[in-house]
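Below, each structure is written out as structure tokens.
Below, subunit A partners subunit B and then partners subunit C, in two separate complexes.
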Partner chain A sequence: MPTVTYIEHDGTEHRVELPAGWTLMQGATLNGINGIEGECGGSCGCATCHVYVDEAYLDKLPAPSETEEEMLECTASPRRANSRLSCQIKAMPEIDGIVVHLPETQS
Partner chain B sequence: MAGLVIVGAGQAGYQTAESLRQDGFDGPITLIGSEAHPPYQRPPLSKAYLLGETDAQRVRFRTVDYYAQHRIDLRTSLDVTALDRAVKRVRLSDGSCLGYDKLVLATGARVRPLPVPGAELAGVFTLKTLDDVDAIAVRLPHAQNVAVIGAGFIGLEFAAVARKLGKAVTVLEAAPRIMGRVVHPDLSHYFTAYHQARGVRIVCNAAVAALSGTEAVEKVILADGSEVATDLVVVGIGVIPNVELASACGVTCDNGIVVDEFCRTSDPDIYAAGDVASYCHPFAGSLVRLESVQNAADQGRTIAAHVTGKAKPYATVPWFWSDQFDLKLQMVGLPHGCDRVVLRGAMETDKFSLFHYRGDELRAVDSVNKPADHITGRKLLAAGVSPTPEQAADEGFKLNSLL
Partner chain C sequence: MFRFDPYSPANDADPFPAYKTLRDEHPAFWCEEAGMWVYSRYADIVTALNDWQTYSSAKGNLVDELPNRAGNTLGTTDPPRHDRLRALIQKAVTKRALDYLEDPIRAVCRKHLDALKGRKTFDFVNDFSSKVTVDLLFHLFAMPTDKQEIVRDKAVLMVQTDPVTRKKGPEHLAAYEWMANFAAELVAERKKNPGDDLLSNFITSEIDGEKLADKEVQLTVTTLIMAGIESLSGFMSVMGLNLADHPEARRALVADPSLIPDAMEESLRYNTSAQRFRRCLTRDVEIHGKVMKAGDFVMLAYGAGNRDERQFPNPDVYDITRKPRGHLGFGGGVHACLGTAIARMACKIAFEEFLQAFPDFTRTQQDLPWVPSSNFRSPLKLELAVG
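Entry: the complex of A and B
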């Protein structure tokens, strides 16, 4: 199973194995990782699952959809070049080992 | 210490428990759910779950281990049958009793039954719980003609899914237009056309008189005598708040359990949250009972904050959403009493928003595939900032610049 490392804003690290196809948002909420809310249930509608993707993995992800692009303009913490919504990132073998940093606040 | 007992393990009940631990509450928490499943998110049920894009495990809020790890005594398949306020105790369906220091009623709402002959036939479903959807999923692959009774969010979301799966779909709505209770007529018309263009048959002013069939449902009979052949019916005609536990022991109810800004009921040791709670929302200015994820979650957080001594009045501007086909409808605010609606964007592009005004004051924003307008609308309404109708209508004007 692909491994995902979530690094909270305070530096706390969580290494989690996710079944392929699960989103990084689902992996975080189901494992009780603070710092990802996912209030809309993962329908790309609330921008509360914002993450900063480690640069080494950024190019391995499919480009954000138009809706995700628009939602990324609405994040509570500043949008950066490596900002993505974790409900739109699926755990797949290609991104095994991915590291995401959680922003200071989601809402 | 008897601790805190939460009746109902839906969105509001779960959120109360989660936030209590997050906020440092150290006493015992018992979370009682009538369903067999650990707490889960309902919104995906009528959409991604039915399409097989997610599963029962992934719709859970947390893994099962979470509850034990956080000393939340999760008790499933259990109902609370009576409440004795004098001795601060609830009676459970297994015959046992449980004392409480503080009680949270997050009992939710139940689907309004269809009051016609034949409503109990096999092949007739409601869509609220995981078990409901699992039952639909067993029958749906074999169904040809799906009938949806009630054109609210649930009915239309299901209609879109059934259509995507290749079924012939008829939506029967008693009112003159779809989603009439919650959206502006312009949006009803837009969504009607969108569904029709994708092959959904929509019949408004349709009074269902009976369902009939020998072993299972075969047709819906309307009051005008017309019939709709069907082998699967989903009924989504609204919900009834589960107030009985509270009303039976004299807790004040008025279309729900009445709560104050801290979600306290008329009994200082009893809170209520979610679909069952009726609240004089400052944004509405009158008692409202909101059936939404946002309301359930925020009221759960409000209770936790109050219990842990960090009381913060609940005043979030209400927001809702519904996904139908590839339309993302997001609503914020309450458009009641509005006298002017302004269109931002063009409906033909399937990306637009309606800004609702009462006089010069912005009261609500409904967005279709314009999530940024929705989020900006939330910020504007929370801040009490109203763009002029001209600014709202001008897509070149950055609404964010007003904040």
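Entry: the complex of A and C
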């Protein structure tokens, strides 16, 4: 199972294993990791699952869809070049070990 | 031999014991009555929701689908078409875009609560939750208010199934047809005189420079009315029931109304009104020792996944401090409910106002009449005694 490391805004690290095909948003909410809310259930409609993807993994991800691009304009913490919505990132062998940083606030 | 009958009145009233047996003994169950497989474990349902390529909605998402709906609405198309349709509406229903609704919703709640002042008993469903919901949806879609009552009645009827024939009955189909015609007239009228309401924006939209097909517009509008009215009032009624049956939770909310959103999330987990939807397999899938064939339907029992102790400890306890992130009360994945922000805002305000007007109440019926439906679960009537 691919592993994902979440680093909370205060520096707390969580390493979890996710079944392939599950999203990074689910990985956080299902493991009780604070800092990702996922209010819309993963339909790319709320931007409360915002993460900053570690640069080393950014290129390995499929490009954001048009809807994700639009929703990234609505994040509560500043959007940066490495901003993504974690409900749109699926855990796959290709991104095994991925590291994401959680923003200060989601709403 | 174990049977699971989503059409039986006993299941409408209390599906939870059967769900437990499904989860523990038959995680991939062939349901004769519905003619489809049933997933009841949290992890299996999430896996299905994450994989729309395998678990398609294009053959319909209602356990008993309505004529012509499959392939023509938001809930019954797959990406990429689905995503383009959804993008047309999505922005208008995000939390921030809905701020303007706060005052009108509050006013609507107060109006209906004022009418109940001095009453010792009333019906939470027909005197409050459906009235508030219908007013709200008519406001949101700028629909003609003289049609409120009939639209509400038809919306409630069209989601039901007949417990005897195990199908949609003529009255349910007639209600659906009435709503489709109502939507068609609304669409025609908005095309001529578009406003700046949500429906007008959708109706006049184009995808890739191409106008939406009339059928698509009409049936999506039909779905929005159905989903908005039936789902929201059904859920509000269930939450009202939870607060009647769990006085300690109710007292906590009265003392601190900022806990209302937590109680709502726990209600979405504990007994969401949207209990079961379906998908169609696009390829063979082997799971829990069963082989399901491409073309088979799979029922996703969200209400069962929400009580899975593999995911939620002590799942049968209603605990408003639980904060159950990841619950399936709104489904999940690409087809997760479009109305989450509207529903959260409406319930928050409705219960703030309701608990202020009536901090103390009990239910007077021993046994509740339940909506007969293979999809949804909510009481038809909820008589409360106040004070």
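Here is the rule we use: the second predicted complex is superposed on the first by the 107 of 107 C-alpha atoms of A that agree within 3 Å, B and C clash if a C-alpha of one lies under 4 Å from a C-alpha of the other, contacts with A are read in each partner's own complex, and residues count from 1 in each chain.
Criterion: a contact is a pair of C-beta atoms (placed from the backbone, for glycine too) under 8 Å apart; a residue touches a chain by one contact, two chains touch by 3 or more.
Remember, predicted model here, so these are calculated numbers, not experimental data.
A.B. asks: Will subunit C clash with subunit B on subunit A after the two structures are superposed, or do they fit?
C.D. replies: Clash: subunit B and subunit C overlap once superposed on subunit A.
A.B. asks: For A:S65, using the defined touch cut-off, is the partner it touches subunit B, subunit C, both, or neither? Pick first, second, both or neither.
C.D. replies: In the superposition, A:S65 contacts subunit C only.
A.B. asks: Of the partners subunit B and subunit C, which touch A:G97 in the superposed model: first, second, both, neither?
C.D. replies: In the superposition, A:G97 contacts neither subunit B nor subunit C.
A.B. asks: What is the contact status of A:W22 with respect to subunit B (first) and subunit C (second): first, second, both, or neither?
C.D. replies: both
A.B. asks: Look at the residues of subunit A and decide whether subunit B or subunit C touches more of them.
C.D. replies: For subunit A, the partner with the higher number of touched residues is C.
A.B. asks: Between subunit B (first) and subunit C (second), which, if any, makes contact with A:G45: first, second, both or neither?
C.D. replies: After superposing on A, A:G45 lies in contact with both subunit B and subunit C.
A.B. asks: By the touch definition above, which subunit A residues appear in both interfaces, subunit B in one complex and subunit C in the other?
C.D. replies: Subunit A residues touching both partners: 22, 26, 29-30, 39-45, 47, 67, 70, 74.
A.B. asks: Touching residues of subunit A toward subunit B in the complex: what are they?
C.D. replies: Residues 22, 26, 29-32, 34, 39-45, 47, 67, 70-71, 73-74 of subunit A touch subunit B in their complex.
A.B. asks: Quick one: which bits of subunit A touch subunit C in the complex? Just the residue numbers, please.
C.D. replies: Going through subunit A, the ones touching subunit C are 19, 21-23, 26, 29-30, 37-47, 65-67, 70, 74, 90, 107.
A.B. asks: Which residues of subunit C touch subunit A once you look at their complex with the stated criterion?
C.D. replies: 43, 46-47, 49-51, 83, 86-87, 90-91, 93-96, 311, 325-326, 330-338, 340-341, 344
A.B. asks: Which residues of subunit B touch subunit A once you look at their complex with the stated criterion?
C.D. replies: Checking each residue of subunit B against subunit A gives 22, 41, 43-44, 47-48, 54, 57-63, 66, 69, 293-294, 297, 321, 323, 328, 330, 369-372, 374-376.
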